[in-house]
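Heads up, the next two complexes both have chain A, just with different partners, chain B and then chain C.
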Partner chain A sequence: MAKLRLDRIKPLVALGAFLLAWWTIPTTVKSFLKASFSEFQAPAWVATSYLDDLENFWARRSHSKVELIEAGREVARAKSLYQFNSQRNETLENEIQRLEAILNLPSRREFRYEVARVVRRDLNAWWQQIVIRKGKDFDIPVGAAVVFSGGVVGRVVEVGAFTSRIELVTSPNFRMAANFEGDERPVVYQGLPQSGFGDPLGAVRDAPKDVIASTQIPLKLVSTRLGGTFPPGLMIGRVSWLEPGNTGIFQAGEVELDTRLLSLHEVAVLIPLYPIDLQDDVP
Partner chain B sequence: MFLDPRSILLFGANALLLYLTMLINSALVGWSIYLLILGPMLVFPALYLRHKSYFICTLLTGLWVDAALPSGFGLFTSGFLFAGAFIFQMRIRFRAEHNYHPIFLAHGVNIFCILLVTLGMGTAYINSLAFWMQVFVTSLASHLALLIVAPWFFNFERMLFVLCRLDSEPEDLPFR
Partner chain C sequence: MSGYDIHRGENPRIIFFFWIAMATTATLVLGLGWRQLIAAQKYEEIEKRQTERRVLKPGARGDIYDRKGNLLVGNRAHYSAVVYLDDLRREFREEYSKIIRAERAALKEAYQLTPLKEREDSQLTPDYNELQWVARQNVIQRYIDQINLITGRDDAVSTRTIIRHFNEQLLLPLPLVSDLKPDEYARLIEQVPVQSPIQIHTDTARYYPYGVAAAHTLGYVQKVNPDPDTIPNDGIKTYTFKSKIGKTGLERSFNDLLSGEIGAEIWRVDPLGFQDSLLDGKTPRQGENLITSIDIDLQMAAETALGERTGAAIALDVRTGEVLAIASHPSYDLNDLSPFIPRKTFGEINERGAWLNRTLQLSYPPGSTFKLLTSIAGMRHGTLTLQTEHDCQGVFRLGNRIFHCHARYGHGVVDEAAAIESSCNIFYYAEGLRMGIDVLSAEAKRFGLAERTGIEVPYETKRLVVPTKDWKRERVGSGWVPGDTVNTAIGQGFLLVTPLQMATFIASIARDETRTQPTLRALSYVEAQQVNHGGEPVGLTRKQRAELWEGMERVVGDGGTGRLVQIDGLRIAGKTGTADFRAHGKEVNLAWFVGFAPVENPQIAVAVMVEGTSSLDSYHGGSTAGPVAKDIFLEFIEHYPERAGFQIAR
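For the complex of A and B:
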């Protein structure tokens, strides 16, 4: 009879023993376990991404020569435009450097752009993250800014050997310093829980009282150099209205984010050329 | 034998289910639909295997899911072992050779997983209507998908047993 009772509570005893062990084992062991299991899964996602690329390659192979020639012409046009813009950009950069040297301004943070394919998208009520196909093999650091052609994408939160996880700008866990275009005063941007219906949204708060936004003339919310993660001027979203916040001193409102955030295929990670020195680096 | 070979097959099937679900989620992201289909992973290990094999299979599955999803590490491992212990204790009441009871259990465990992740990750947004709306849509979509996925998955697991020439009957059946 006693044996029977022991058999019946065996699952509960095992569960209790596991919970006790889980609470007592050091965090390093848990981190090692997590990293091991994650790295074990990563090749499957990387392989899927490469297969996806191969599928796209074969899909493009089916295009006719006329279509390819037309596409080549468009690329050549875009290339010449970008070459011109690159030259202009170089001239302006030199001018800025000259002026900064005259005014003895502190040096700005410089970034290296690492373009990466998105291999997985995990967007739901509980988390808003994507996984990219580059990790420690490309020196991606935790906390690095991630951008795309439409502006800010998010921040790197976890780096594996071959993949990295990015917290999207839509996530409620994402927060950054920002400012309205043409107004240097800082405001706070934070992601919001997404309803899943309509365009992605964020929230802006601590906006000065004299800032006015309307649906006719929405304000552009851009990144600022405060915090040191993002270069200034990157688009975050548009603000169509502002209302007094909880404190009554500042204003708050919703930020309309780029809908392309939900279907990203390629992003760029901004890797600081000189890592942040918390002792000396003042943003 | 220390470990029932079926536990390795079941773990492999669970890893495959998770991979396929995440692949679908990645493709459905533009539609704002997310599927959380974790319920079927627990059912067969708890109904078919002896305790040691069930425990190892469920533990590995939990760690696998925890590593794949951005939830707190250990959330699903603990949750799976908790739900698994519950099913294991009552497994004599369920008939695993047909799909009716396993599907019923899969839905129950899936609701438990949704509640678990909501409590584990969403307490900060508990006042947000948008959050609850998306949780509702996710739950609805997941359980609708589960109506198709669960029978397929259980038949797939049974087929694996047959293909690998392993025992396709659960342990602890009254007539064994």
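For the complex of A and C:
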């Protein structure tokens, strides 16, 4: 009888021993174990994503020639539009540089970008992360901004040898400075715990009280260059209502985010070309 | 046989103990009952005092607007990085243990190195209390270093600050870095992890969109601890965030209106005083807004026209007395005083003499603008008639003294209108002597020049002088002489008035009354219809008034001293003045212009005073103060064309 009881508590003893050991080992060892575990998992995720790509490739092979020709035309149209926009951007860039020279202004922060495939989505109520297929091998730094065609995606929080983990803009652990389009005053954007059923939402606070948002004329919340991570003007979401916060002077409200954020396939990581100079750089 | 039967031996000692036990039990039961039923409330109050803390948060101040709804004073975000010490308790403990271990090791080593004879036991005991503060400082400084790294600042925290915060404001957040710039705030928002104990605290600071405009009138605020009377006296320990009170200007006069409603939070705290749970809360509420009579367009015109010069400019609505513009120079940017006044800024403003509100805090001789009052006094007293003429040869002999006119070779024969137009001193010397100082002083007092105007801005000077014979005897110690009268008649001598008084004076003339009550509150339509300035009619006949106004209109005419004020299509009546004044330890010029327009239906009254700052400055009313007034009139035409008698451009 006594032996049976001992058998029963064996798992609890083992769990207790494991927790005790985990509690006593140094933090550096824990970090090392965690990183090793990630690196161990990463090749499997990468391999899965390549298999997905291959599957998509074979799926597209089955399309008819007519469909492919039509798709080719679409691509050609999009390409010409992008070429036109690219030229216009170049002209604007030159104009900005000329004005900066006249006004003796220091240049804005410049970025290079790395386009990367999404290999894994880790989405739940408490955190919202994705893993991309580029890491230290492409010099991706921690803290870099991640964007897509619809605006802000998030920020790099962990970089492995061949993968990087991105904290999504929808995550409650993601916070950034922002401003309403056309208004230079900074506000705070932060992700919210997501319900999993509705559209992704975030929260904005510290909005000046003279800012008015309505469902008829929602305000665009965009990134600001003040924070140093994101280039200015990237779309974060739309704000349809604001209400006075607990200070009685600033407002807070919800931000409707892009639904594509939860089904991304490809993102771009913006890597600063030079480290920020806190004294001289234009914020 | 029950188990108790064995005690039936009737041992008397057991009865004795029985009663003792009964008495003790009864005492306990009664004591318990007394505490639970009768003294319960008292204990509840003690428990409340020991376990509850109140945090008071002042509401934001109300905004101040101009008459058209433009924001003159608002609230901007004031960012600081703070930390609640409760969130750092674990780190404090860990750091303390680390320091204690290191200290003990160091002491032990030192002890072992000390020769045996010199060893004392106390050498092995560290100062635990001091080390506790060191540990706390280390932890807090680490967070400040983290902020410094992100923002490029070089801030630090002292042990004294931490001790004071622990003892006095434990429930309030400890400011790590205050007054963050927007880019610093944005960087911290992005780079400090969400889970970090560092919180970005957003408070309000006063914000002035127009910077220097009406700085002296709007005023500034100062952070202070709330009035102890506003804290409930219920025994609960109360922590308070600092609130803002108006120190000068409208911020001070309308402090009660503008101050927000205080919000409160009641926290349950643990035995060490750290917050445990929020029991109750009330959100602070912003104060009421104030709508002023100022028109920011006219105000900016006055500010720009005064430019770098020292002086004052005021524009009043003739009918209601509402102040449309009120500028005092040198001025200062109110934004430099928010959220607090840096010592350097204070010194710099002080050095420029810019703290003084020259519209109402300093008094000056009115110079020739006072001749209008001399005229009115003479006409009312009967010494000055429409036929009165004087021959101006440039000098006026009075006993053995010679008084000069500003025209060296004189103006020739002049009547009243011509005397006003050319600002002839000789005419007014003679008229002053004829009516005497008693009449002149009485008339000046009738127009309120010896009293403060009562405008809603504090610190209006009491140093207003309308001299009389008694006044001179008391204050100067000598008798009144005719020379004093002639000086007073042309606005010199002992006379001292403020530019605001001269603005109300000219507005009164424009309305043909003796008083104008200036106000900085925008009046509603009904209030504007019911304004009572508290004066009486000037008392001139229609012809006398026409003569006076004709002279004033000729001042702004082609041959007048104020011809630079001329505006096509707008009839302006005015008077220039140039006075000598002792300021900054030297004799300087004062240039004056007072006037109103349009003559056919007066709407706006303007008074401008420009003060020379060097004996080399050669200021004249017409050429120095006149153009400032002209700019104000032009702005009035642009923004109120229908009131200025112009067709509204569509």
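General observations
Simple rule for what comes next: the second predicted complex is superposed on the first by the 254 of 283 C-alpha atoms of A that agree within 3 Å, B and C clash if a C-alpha of one lies under 4 Å from a C-alpha of the other, contacts with A are read in each partner's own complex, and residues count from 1 in each chain.
One rule holds in what follows: a contact is a pair of C-beta atoms (placed from the backbone, for glycine too) under 8 Å apart; a residue touches a chain by one contact, two chains touch by 3 or more.
For clarity, every value in this text was computed on a predicted model and none was experimentally measured.
By the touch criterion stated above, A:15 is placed in contact with chain B alone, chain C being left untouched. In the superposition on chain A, contact is made by A:228 with chain C only, not with chain B.
More residues of chain A lie in touch with B than with the remaining chain of the pair chain B and chain C.
Within the superposed three-chain model, A:172 lies in touch with chain B and with chain C [touch as defined at top]. Contacts of A:250 after superposition on the shared chain: chain C is touched, whereas chain B is not.
Once the two complexes are laid over each other on the shared chain, residue contacts for A:208 go to chain C alone; chain B is not touched. In the superposed model, A:185 makes contact with chain C only, not with chain B. In the superposition on chain A, A:143 contacts chain C only, with no contact to chain B.
In the superposition on chain A, the residues of chain A contacting both chain B and chain C are 172. Only residues 8, 10-12, 14-15, 18-19, 22, 30, 33-34, 36-38, 40-41, 44, 48, 120-127, 129, 158, 165, 172, 192-197, 262-263 of chain A touch chain B when the two sit together in their complex. Interface residues of chain C, counted against chain A in their complex, comprise 57, 59-60, 75, 77, 151-152, 182-183, 185-187, 189-191, 193-195, 200, 202-204, 260, 263, 283-286. Residues 143, 155, 172-177, 185-186, 188, 190, 206, 208, 224, 226-229, 246-250, 278-279, 283 of chain A are the ones touching chain C in the complex.
Residues 19, 22-23, 25-26, 29-30, 32-34, 36, 51, 55, 59, 63-64, 66-71, 73-74, 77-78, 81-82, 84-86, 88-89, 117-118, 121-122, 124-125, 128-131, 133-135, 137-138 of chain B are the ones that touch chain A when the two sit in their complex.
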